[in-house]
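Got some structures for you, see below.
First chain A sits with chain B, and in the next complex the same chain sits with chain C.
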Partner chain A sequence: MSAVVDLLAGGVTMAVPVLVAASGELVSERTGILNLSLEGMVLTSAFAAVYGSGQTDSPVLGTLCGVLAGLVFAGGQAVLSVTVRANQMIVGIAANTLALGITSYGSRVLLGDAQGRTVPGFQPLKVPLLHDIPVLRQSGLAYVALALVVVLGVLGSRRTGLGLALDAVGADAAVADQAGLPVRAVRYGAVLTTGLMAGLAGAQLALSEVHAFTDNMTSGLGYLAIVAVIAGRWRMVPMMLACLFFGVAQALQFTAPAMGVNLPVAILVVSPYLIALLAVSGLAGRSRAPAALAVPFVRKG
Partner chain B sequence: MPDLMRHPLTVAALASVLAALVGAGCVLAAGVSPGAAGSALWDGMFGTDYAIGISLNQAALLILVGGGFVVAERTGLINIGGEGQICIGALAATAVGVNAGGLPAAVAVPLVLVAGFAGGAVWAFPAAWLKVRRGTSEVITTLLLNFVGLGLVSLAVHENALLRQPVTSAETLPQSEPLAAGAHLPLLGLVTSPATIAIVLALVAAIGLGILLRGTATGLKLTAVGLSAPAAARLGLPVTRLEMASLACAGGFAGLAGAALVATAPFVLSDGFSSGYGFQGLVVGLLGRGSMLGVVAAALLFGFLNSGGINLQLVAQVPAATVQIVQSLLVISIAGAMLWTREANS
Partner chain C sequence: MSPAALEITSIGKTFGGVTALDAVTLRVQAGTVHCVLGENGAGKTTLCDLVYGNYRPDTGSMTLYGEPYAPARPAEALAAGVAMVHQHFSLVPTMTVAENLMLGDGLRLRLPRRRLEARLAAIAESYDLRVEPDTVVADLPVGIRQQVEIIKCLVRDPRLLLLDEPTGVLAPAEIDALLTTCRRIAAAGKAVVLVTHKLGEVAAAGDAATVLRNGRVAGGGPLSKLPTRELVSLMVARSPATLDPLLAASLGLAPADLETTVPSIRLSPQDRRKKAALRLSGVTVVRGDGTTALDGVSLTVAPGEIVGIAGVEGNGQSELAAVLGGALPVAAGTIEVGGADLTQAPPRRRTEAGLGVIPEDRLLDGCLPGMTVADNLCLGRLSEFRRFGLLNRRAMDRAATAVLTDYAVRAAGPRAPLRSLSGGNQQRVVLARELALDPLVCLLAAQPTRGLDIGAVDAIVGRLRAAAAHGAGILVISSELSELLALSARVYVCYRGRLLGPVDSDSPTARDDLGRLMSGTDS
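And then the complex of A and B:
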């Protein structure tokens, strides 16, 4: 029994940063912008959060640094994707390399001997009753971030004007433009939302879970978030379930031996990607990728 | 004059200057004199036969992946799956190579390379099939297949029933047995240099692909599909088959790179053996802008910079990440300026 509780608690903890990052990316992708650079955004934010927290001794200020870094990174991505209309795949992949380079360089030069040292972080909230349920034993930052995920989910649902506008821009930007929607502004807003959530995800990973920075500490978390968006077929609730499943699959790597289950780790590691492949293949139901995903918009004539 | 400013080479030169300036800034910020860093970088690139050999071996892999990318790009398909295709190609090549004991190199080496090509092509197939049958974006499927490919390599080298070397003690690493001696890629035979025939192979492949794309009817057909698939179909071209063939070709060349990688020292397959050649090859293919000469030039630049960066860290104590920063800034600025250059040419 306790092994199952451990598994769920571990799974939720692993799922939180993925879900936070994915919910921001979902907004971008619905408007037609693919941020492969999500991995780099989360990594940069994690670094900034650790650096800020170490300098100020305040995890709250550290979180702000992380969010700021996420926003700056996303701002650059938005200029390249929306205004300059660069190829989103190239820029995304190169931006991830850039983030890996900058953070590895920064941790050597700025942190120096303090590399990998623990910085002030967040502890699980001591809320009476809630604290007794292992699955809910999360930090305040996690609760704030999750609340924002819910806000995004409600504001961006297809029952609001905003949600419809997001989908309209992502379905056909030219038509949305003729209907009077500010296509570029919507897309800028969406990418910056991704940056905000990526910043929180990075801070959550670095300050609530690890309390330190190590090179490439996200190791694919951002890509996993993109995969969750795909596996959830660009809808909030299925995407949340996908994140939870991915988290549990990751946690299972550590708890499976204790539960007496002997599964090769690699099978657990690849399961999210196989599920996402199934979801986009159209073999199980219709896939609903935004029609204009990764297609830049320019007003003709 | 504006046409000259908008020429791709001018943009590439300006991007290089920008990236180099940032690189110099990184060196200064690390408290190292630019002279010391420059000579360490130079030594790591051209200073010794060893450095040149390592650089050429890396450039060969990037030419293969990037060249394949260009073939798929010609039909309008973007192959992000190089990393996964390298993995499966290497997996197939290792399976053949460790069992090739006793075979002469003239037989074993081609077998290993063919297995690699086939493995990579097979790994591109699901993406190609979903694209033509279901209309699923190949960008998404090839991206996902990368992670599955990496996972399969990990599975193969951790399971005794698959490719893991016999476990004799607790220290036995999770990696494959070394490939049989006959399956090793022959060295070029330059003095004390680790350069293998991979670079020759890659250059021959690049010339072959260049002729295919520019000088043959097949190349013209691929281009027609890329310009407009419906129009190509109206002309009676087998669009589906051409699209699938071009993506399989891209996968095959990435798989070939995977085979070349495991057939080079230390001759084993292990977790993380590829260290991102798939993504770097993709960038090389994009920078080549449809020209094989461009691909070769970009691959040589990246190959030499990679090994120079390692020496930069070892000798001058400048973080090797500096080279990563310089490379990615180069790519971002060229990608950002593409619209600027395209408008001039249209």
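And then the complex of A and C:
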């Protein structure tokens, strides 16, 4: 019994940063911008959060550093995707490679001896009743980030003008433009939202869970978030379930031995990605991607 | 005298050295329908785009109800009370009607559903236009979609409504309804600008007209002082008497307006019984989502015969063209060309059997716009140009140059990229390539004159007729009813994947019969 609780608790903890990152990516993809650079955004934010927290001894300021890094990163992505109209796949791959290099190098230069060492982070909130439920034993940052996810879900739903605008721009930017919507502003806003959420996801990973920075510490978290968006077919609630599912799959590698399941570690480590691959290939045929996903917009003429 | 609703003064616009509009002046009065006429490429759409803020003019100025008007983007035009119905649909298909109608309200949080309902009720009252707001747009037939486009404009209560060739995809009855709506909107005191190249629509709905030719104003004025004949000569700079009936048809004139008869090739029953150029028996095509695109289509085209297929877009004509070209698999039935069964044949074998195909979308399916004219002409028969295992470029250029001269294609040379040619010249290249098939048993021409100017239509049609005279069976798919009637002896109608008819194009009621078949009111 306790092993199952452990699995769920571990799964939720693993799922939180993926979900936070995915909810931002969902907003952006609905407007037609694919941020393959999400992985790099989260990694850079995690690095910035650890550096900020180590310098100021304040995890809150560290989180702000992480968010700022996410926004700057997303700003660059927005300029390239929206204004320069660069190929979004290529930009994403280049940005991820760059982020991996910069953070690995930066951790040696800036963190120096502190590399891999614990910095001030967040502890699980001691809310009287919640604290007794293992699954809900999360940090304050996690609760703030999850609240933002809910806000995004409500504001971005089809029941608001904002949500309609997101989908219209993603379905056909030229049509949205002719209807008088500010296509570029909507897309910039959406990519920056991805940056904000990626910043929170990075800070959550580094300051609430690990309390340190290690090279490539996201190890595919951003990609999993993108897969969750696809597996959730660009809708909030199915995407949340996909994130939870991936989280549990990841937690399995720690709890499986305790549950008496003897599988090679390598298989357990690879399982979330394998499941993600299956989820995407199974859904690919019937997926309802935004029609203008990864298609840049320029007014004719 | 009150200021004009829209006054355009000596406006000009060039695109990369090509003059699209040159010193165009136009005055539209409130409460009238002002028609802007012209051939394809005369600058009509550019004019709309300038008024709607898609481009800014290089020279000249505009006023709207007496006030200076210079929109930098569509949002500004909408704010000033200008709305536009586009040539192509501008609704988001995955959204409901109501969601589409509320899009223009910008990035607000709360959706103005109540206000929308009130506006829709008012529009239903004053213009007799009704829609079901909760239907998803993709599920609506084209005629209704066009109504939604107009309602989308009217919801904002515009002072000036632009309609850019709104009738292209509509059935005759739907066109009449649209023109009636235009009259009602004008009667409500708004200014309506109706852009078209069909003279019949002008006569039915317009108060005044301006004719554009090569980006300049060729003439205009109140329609009471402009008879149809005058408009024709302003549009094409030729006297209507010298106009080929088919060209007249492409302008939307009934042949009766010009008092000429239509020459067409007629076959005796014995001729028809000879080996068919094309025989379709019960051809059925199923789309990827399981719906039926073509439902048991049977059709025979005899050698030397031109057969037409009409229909409102989206009724299976595109699939018929694709299935003949080999781009779509046949679920049931057979396709025979010159007696050979090609039902499952790949495109190469179809070409060898003598089946030429001019696809609907020439740029997408008919040619490689980035490659040269010579490459495009020779790609299907490269083996003829091989020397020592390599391509003999000189021979290819010589062959291409001969075609360019023969078909009067205006191009910089055989090495010019196909993209650099105008639409009409591209179509001539595609046509030349298909007509060069040896033997040419059957030619399918899907929308062969779409987007072409009158000179190009003339050339294309002449070539099709010549090919038929040499014994090829020709199947023409077109949305231009008048063209089909002038070109072919029999016209079928595609309606919801089934083939209706045929209607004999000699019959005095042919046009009405086809119209009824197209809108499904007669089955």
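The definition used in the following text is that the second predicted complex is superposed on the first by the 276 of 301 C-alpha atoms of A that agree within 3 Å, B and C clash if a C-alpha of one lies under 4 Å from a C-alpha of the other, contacts with A are read in each partner's own complex, and residues count from 1 in each chain.
The rule is short, and it goes like this: a residue touches a chain if its C-beta (ideal position, glycine included) is under 8 Å from a C-beta of that chain, and two chains touch if they have at least 3 such contacts.
Computed from a predicted model, the values in this text were never measured in an experiment.
Residue contacts after overlaying the shared chain place A:289 against chain B, while chain C stays out of touching range. With both complexes superposed, B is the one of chain B and chain C in contact with more chain A residues. Of the two partner chains placed by the overlay, only chain C lies in contact with A:172; chain B stays clear of it. When the shared chain is aligned, no partner comes close enough to touch A:129: not chain B, not chain C.
Within the superposed three-chain model, A:264 lies in touch with chain B and out of touch with chain C [touch as defined at top]. Across the complex, chain A is touched by residues 15, 49, 52, 54-55, 73-75, 78-79, 84, 86, 90-95, 99, 102-111, 152 of chain C. By the touch rule above, chain B contacts chain A in their complex via residues 26, 29-30, 78, 80, 126, 130, 134-137, 139-141, 143-145, 147-148, 151-152, 154-155, 158-159, 279, 282-283, 286, 319, 321-325, 327-329, 331-332, 335-336, 338-339. Across the interface of their complex, chain C is touched by residues 155, 158-162, 164-165, 167-168, 171-172, 174-182, 186, 288, 291, 299-301 of chain A.
Only residues 34, 36, 80, 84-87, 89-91, 93-95, 97-98, 100-102, 104-105, 108-109, 220, 223, 226-227, 230, 264-267, 269-270, 272-274, 276-277, 280-283, 287, 289, 293-294 of chain A touch chain B when the two sit together in their complex.
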